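Note that the chains take the letters A, B, C and D in the order they are written out, and that residue 1 is the start of every chain.
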Amino acid sequence: MRTSEEYLECLRAMKPNVRMAAEVVKRDHPLILPGVNVMRITYDAAEDPEQEALFTATSQFTGKKISRFCHVCQSVDDLLTKQKMIRTGARLSGFCIQRCMGTDTMNMLSIVTKEIDDEHGTEYYDRFVEFLKGYQEKDQIAGALQTDAKGDRSKRPHEQADPDSHVRVISQKKDGIIVRGAKENITMASYCDELVVFPTRTLTSDEKQWAVAFAIPADWDNVHIINRASAPRERKLLKAPLNTYGSSDAVVVFDDTFVPWERVFMCGEHEFGGRMALCFAQCHRHSYCGCKPAVDDIVMGLIALAAEYYGVEGKSHIREKLSHLAGTAELIFAAGIAGAVNSTKAASGTQMPDAIYSNVGRRLAGESTYDAWGMMADVAGGFPVTMPFEEDYYDPQTGPWMEKYTVRNPKVSAENMHRLQRTISDYLASSWAGVWQVGAVHGGGSPAMETIAILSNYDFEERKKIVKRLAGIEE
Amino acid sequence: MRTSEEYLECLRAMKPNVRMAAEVVKRDHPLILPGVNVMRITYDAAEDPEQEALFTATSQFTGKKISRFCHVCQSVDDLLTKQKMIRTGARLSGFCIQRCMGTDTMNMLSIVTKEIDDEHGTEYYDRFVEFLKGYQEKDQIAGALQTDAKGDRSKRPHEQADPDSHVRVISQKKDGIIVRGAKENITMASYCDELVVFPTRTLTSDEKQWAVAFAIPADWDNVHIINRASAPRERKLLKAPLNTYGSSDAVVVFDDTFVPWERVFMCGEHEFGGRMALCFAQCHRHSYCGCKPAVDDIVMGLIALAAEYYGVEGKSHIREKLSHLAGTAELIFAAGIAGAVNSTKAASGTQMPDAIYSNVGRRLAGESTYDAWGMMADVAGGFPVTMPFEEDYYDPQTGPWMEKYTVRNPKVSAENMHRLQRTISDYLASSWAGVWQVGAVHGGGSPAMETIAILSNYDFEERKKIVKRLAGIEE
Amino acid sequence: MRTSEEYLECLRAMKPNVRMAAEVVKRDHPLILPGVNVMRITYDAAEDPEQEALFTATSQFTGKKISRFCHVCQSVDDLLTKQKMIRTGARLSGFCIQRCMGTDTMNMLSIVTKEIDDEHGTEYYDRFVEFLKGYQEKDQIAGALQTDAKGDRSKRPHEQADPDSHVRVISQKKDGIIVRGAKENITMASYCDELVVFPTRTLTSDEKQWAVAFAIPADWDNVHIINRASAPRERKLLKAPLNTYGSSDAVVVFDDTFVPWERVFMCGEHEFGGRMALCFAQCHRHSYCGCKPAVDDIVMGLIALAAEYYGVEGKSHIREKLSHLAGTAELIFAAGIAGAVNSTKAASGTQMPDAIYSNVGRRLAGESTYDAWGMMADVAGGFPVTMPFEEDYYDPQTGPWMEKYTVRNPKVSAENMHRLQRTISDYLASSWAGVWQVGAVHGGGSPAMETIAILSNYDFEERKKIVKRLAGIEE
Amino acid sequence: MRTSEEYLECLRAMKPNVRMAAEVVKRDHPLILPGVNVMRITYDAAEDPEQEALFTATSQFTGKKISRFCHVCQSVDDLLTKQKMIRTGARLSGFCIQRCMGTDTMNMLSIVTKEIDDEHGTEYYDRFVEFLKGYQEKDQIAGALQTDAKGDRSKRPHEQADPDSHVRVISQKKDGIIVRGAKENITMASYCDELVVFPTRTLTSDEKQWAVAFAIPADWDNVHIINRASAPRERKLLKAPLNTYGSSDAVVVFDDTFVPWERVFMCGEHEFGGRMALCFAQCHRHSYCGCKPAVDDIVMGLIALAAEYYGVEGKSHIREKLSHLAGTAELIFAAGIAGAVNSTKAASGTQMPDAIYSNVGRRLAGESTYDAWGMMADVAGGFPVTMPFEEDYYDPQTGPWMEKYTVRNPKVSAENMHRLQRTISDYLASSWAGVWQVGAVHGGGSPAMETIAILSNYDFEERKKIVKRLAGIEE
């Protein structure tokens, strides 16, 4: 397995195809490093004896120990453990652990490539397994490139003025395919090893050229990563782990990119376009049932610590908020557990979490995000967002005043109060926190998408039958 | 196992100690029968080949097939199955299946009597097991007599002006004890076999006389059941299963009642008073994670059927309500599943559901009850609560008008529309529905009680540690 | 002005055309009297020196003192006073004061008949004013007959299989018109003087026969009132004012009913069908901004009194509920005030409340109803819905027990505790309360209807302009 | 009246006592200018013929035309107009118009100084009026310095380890007083003319030294402003009005500052400490009923424009959100109207908005803030927070791709789509927006403070009387 240092070396060795603010930048650019540091958490945890059991698994293909982020779930237990790992990881990184996007992509491909083969006699599954073995062996990270530019939302892919609004196959060659288009909102694109592309929606028989899935190295020719980086405000004097983490999202442009056949996992089987999209969503929504509780854990921690430091612990409005957040966190986590307990085995042997539970959990996660922030804001008070800059706490003239007027609870040092308030400030009033709040609403599909999934999977006819019997209705 | 007819015969053979509206009444009084009919569902289901697996279990004491309502859970699976049985039962009865109150009482006693013995060297557990074997053998029903009159809420039991405000031991004899006091809100008292008494709260060393638990037959000497019955409005012409079901609640007065030692399961061990109260609550709140989803199933069924019959299926406000209710139902059910998955084994071998998950699920159940009714009211429209009496639909003069003006969706007969609307009327505007709405809020403890349980069981210190690390706080 | 005794005599003198449970009944039938008693409140208040200023007004037609319920608003102040009167009335009757339905009907007719005349050169307005003068003089009560049977909701009136699904003109005669159809959900039909009919929706030029508005005495030939009565459970021993009040709703059938021209206020002017429907809704939704706060007043009173009697006053969960309800009540009332302050004068001189404010206030009223009940249930505890029947409190055997176990707060007598709990029971678990909860959702249009009204009246384009300027967008 | 250029010149002429990031900075520092630009809006509007009526008033002291921000309300109409002005101003600045903090401070002082005089025979009111005349004449801006450092929240001012935790009088001289302490969260401190200090809480007779109110020029000796500036990310290429606005908050330190008597408005009258705090809160909460609807206007505008540009206008989830936000905005605004309609005249003649309505409106504003952001996030989609930096849209290599993949609705240019999404990004994911979200929760007191105010002003006893009568309870 790879160490976090080896991972960083891999990144440094990659060809420069990342652009930011009109410049080509290195993958260890200071604005990108915070995202890299989140990835490093996952490597370090795999080496940490206390975390190893959670962060590693055994490959069913090779029997070797691998990162659980590279593992394809084989049992209820695998799903339960994945959920716990994600909660643990997100607690460490301060928000999203990111790397599960690759995990869910691999789980999805392991399911759908087999289904295509079973239907069409193709050999995508074997191809994918070969790819996956290398991916596991090299302990890699994959970005999930699902969301297309999409163009006019009221039109289907083949009706768009610009056919490239959705990534598509321009031509097929003997040794591979040429693709064109762009994928958006791609987290980790600038610091992952592999880019894995698959459709964002259902496709019709007119849309075979858009039915494409493949994986390529992130620094491949004719791939352009236009990156946006986000992180809590960098600390100059008051260093803290949180401020070393962050994330990047990108628009990834495929400018007539060649993909060799051994890396193509779907090509033209349009009826599996929607299946890939939904199957990934289902796996990823189950993962959200692990990470969003961790975000609530952090919000609860900030509220509980603020209450202690401010000397208002035990006040009824604090207790009510904490108990409400605990309820939200554990209902979401419970939905994930129920999603695992009610999971089913796909043809390939991969364990697929239940649709209803993954969706009701993920929806609650999305719906409750801004609520949690409102509670944090209420308890934190105004000062964390109006507090002077760091330097003023260390300036000979103003520093003593800041210290004098910062102390509240006499048991808490001015520095620790300062640390807490500045961290709250990062969560309440930073670009980075805004990015992830929106991510908590939209990642894996917004609440509106989960509502659609629930409505299409739930058996309302069965409920009608219950009331017909009670009412004595015979039809 | 007992048949529902045998159960009815047992009731008829009991001594008359049930009073209603200042009269001594029989246990098959027309106002009490609706509650009896709910019990019969549980007997009939045990004989129904399709339901048998859910409604029966194997006694760990005798190895015989018994009603699952008489069973003490031994495994995660037992807890999961109990939850499913309750959901199924509540769907059949139209609201609460009631009998699980006895189930949860037995589970609680199996846990706490053993714990008392381990602490005090007493022999309550063996005594209880003997009692339970007979209870299982005779396929009986037990009422859970927990809530005391309580008197002044700001005072403890031993501080009350009237010491009988909580049921207590008046004196101990060679062959048993004498008890006095009253228990309130006792569902099924007038149609159960056994009354099982246990404390409603924590007790101090000054309160040994209130630390008492026992079981006696419901028609025992010096036991008085003052009953209140509730049912949907009786149907005269438009018969429907729902209107054959109902419930009774009672004040049960112990007027210096003698209880033989072999039926006493705690007597003076005050430090286990709170344990009994909370352990029952935890078991019963887990059961609520089964029944409240069934109530949502019925509300969803009524909404979905009304939408179909009214011709407004597919409207966005209908779909939004249905998907919201599906989410609530399954989050509660998921909490029950997580409560089972995270359950622990008590010293006696009984499997105890997890505290956090049982409480977050039960709380959501309580908090969402009136919401669900609001949605039903919104979709149902005003007519179900202003519709003329049944007879006017059959009167030669007004009947044809009622038929003419009742038809909406041409595919639905006037009678079926009438049936649906009158059933909705029972749910929206009947004393019975009001009783059970309140029951859904308070049974097993109101949301405020679950909040207390969550706050006292949740590890907020762990959450503080997470944020201290992120903020770089060392104390 | 009429006294409440005179009103009752008028009712007794009316021809019997009220049917209930397949019988023709008198208007002072015991089940109907509770509704009559609510009307009596409005007559008594007009004679009460302390209430007179609120409950009476001066007719702009005759200069005489009249009931404010018969008054057509002429100013901002009239609208503000109407709102206060309704809040006061609903506080007295325990829920809805009902009579404002007639008030809002008269206000609507005073506006729209003038508008029809202005457009068509008809003389409806003068006709209506003549009618109104008599109505004011005789101090009468009018029912608002708006909601039609409607038939298939997906079809317009002229597309229905049965053209009578909406009340329509069968034929026009020299001296009047013949109408047929039925109106549903008609509160007060069995104890009002006049029935006033008007459309429930917009109408097209194909639907002139459905464009009809008129008033006729409630006991007119070929008018049939099929009544449903609702009241809190009748008290036998523990008499209380609340239990003397109630309501009736009816299906009113027009079986080829003749209406003389002087009582016809629209006949064929289809483009004013929707105007009448919406104008009534707007007036009536403004009235709801008066009555729903009164219902919240009662819920707050019950919660506050229960908290005092139970000895839990000042607990944080009580205070939170009370402050939340106070907020809801006053936001709704504030919307009514804003609706009055932003009102406009119609061509006839009638003051019309603002559409946006009337709708946002009414919507909150509808949305918050079941919430308020949930809070009441939470504070009340289970006992009010499981308490034994009245008689058991007075029986020689059980009475002393009920007294002994009812006392809580030692400053509160057992009788007063009993009174409070039985009244809470009436609100939480009676058919009557269910009827009015649904009424609070649907009367004047459900929240979904107010949402439509808000969306069609609100200026979203203006909001787009604000953000275009901020974003620097020029189109 | 002052022009915005003259205002800027005044700022430039002030002595440098503003510090930021350990440096003394000028008041036209690039990070401070965005706040200055918001102030300029208020000067420009007073000169704009279309806005003049709203933004100016007539001084009751001098009869001259003055800025309405310098005006003391004399009538219901003044309060209604103030509310409208604030809504208009906040729509122009993109969030908070800030200057009303001075307005509400002046209104408060005009009320309370008179009350102190009436009680103590002092002459604060005349002194204040003299000060106010100059303030109006010079068309100045005042900061409201209320929130003290406070120290240990569980202790009163005189119990603090550091007596300077609340600003206090160190000594009284013949010509004035010496004060020490710090005020926090002081918006506009670095770009206002005057700093006005007053207490943050009730005070006892042990706390006379903390009972102090005064006004001094913002660049006065021994006053130190430690500033934090916030603004949407500065635009380099895609200029927009929003990005020229912003705000500053500061810690203001009084380091033994001398205040001449003619600028002292309270000194030692401790019983008026709480009165000043609450009276300001009441005036300021009424102002929030004007500004928060404007924030909702902007959120509605962003949602409506996004829906149009994305081509999803008319979708039910969009419509539902818009109608909900319209409801929230207008309920808050209605509360302000009701607060004006129910206002009372203070002894000084100043019109004081009603406590209940100001508080219920302000509370809803605070409670609904994060909700509104959640809705915006839901509709906006993820792209506004993951979109590449500005420069990448103009780079020769990446610019054409960004253009190609940005187009959605063909009627909307790529630039306008870019403008909209970048503006949404400023609202969803910028430090500035986070600051103002928290401001919307805490400014003028958080929802928890309004709840306290509602509970202490609302007449719950009256509500108990209503239900006692209905229940037949006589005590």
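In this text, a residue touches a chain if its C-beta (ideal position, glycine included) is under 8 Å from a C-beta of that chain, and two chains touch if they have at least 3 such contacts.
Since the model is a prediction, treat every value here as computed from it, not as a measurement.
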Which chain lies the greatest distance away from subunit C when centres are computed from Cα atoms alone?
A
Winner on C-beta contact pairs when A-D is weighed against A-B
A-D
Dist(centroid_CA(subunit B), centroid_CA(subunit D)) in Å evaluates to 52
Geometric centre distance via CA averages, subunit D-subunit A, whole Å:
38
Whole-angstrom distance, CA centroid of subunit A to CA centroid of subunit B, is 41
Which positions in subunit B touch two or more other chains at once?
317, 320
Quick check on the complex: what are the subunit B residues that touch subunit C?
19-22, 147, 149-154, 161-162, 164-165, 182, 184-187, 224, 226-228, 230, 233, 249-251, 253, 255, 310-312, 317, 366-367, 369-371, 373-374, 377-378, 380-392, 394-395, 397-398, 401-402, 404-410, 428-435, 437-439, 441-443, 446-448
Subunit A residues within the subunit B interface of the complex
80, 91, 94, 238-242, 297-298, 300-302, 304-305, 308, 319-320, 322-323, 326-327, 330-331, 333-335, 337-339, 341-342, 356-357, 360-361, 363-364, 416, 419-420, 422-423, 451, 454-455, 458, 460, 462-473, 475
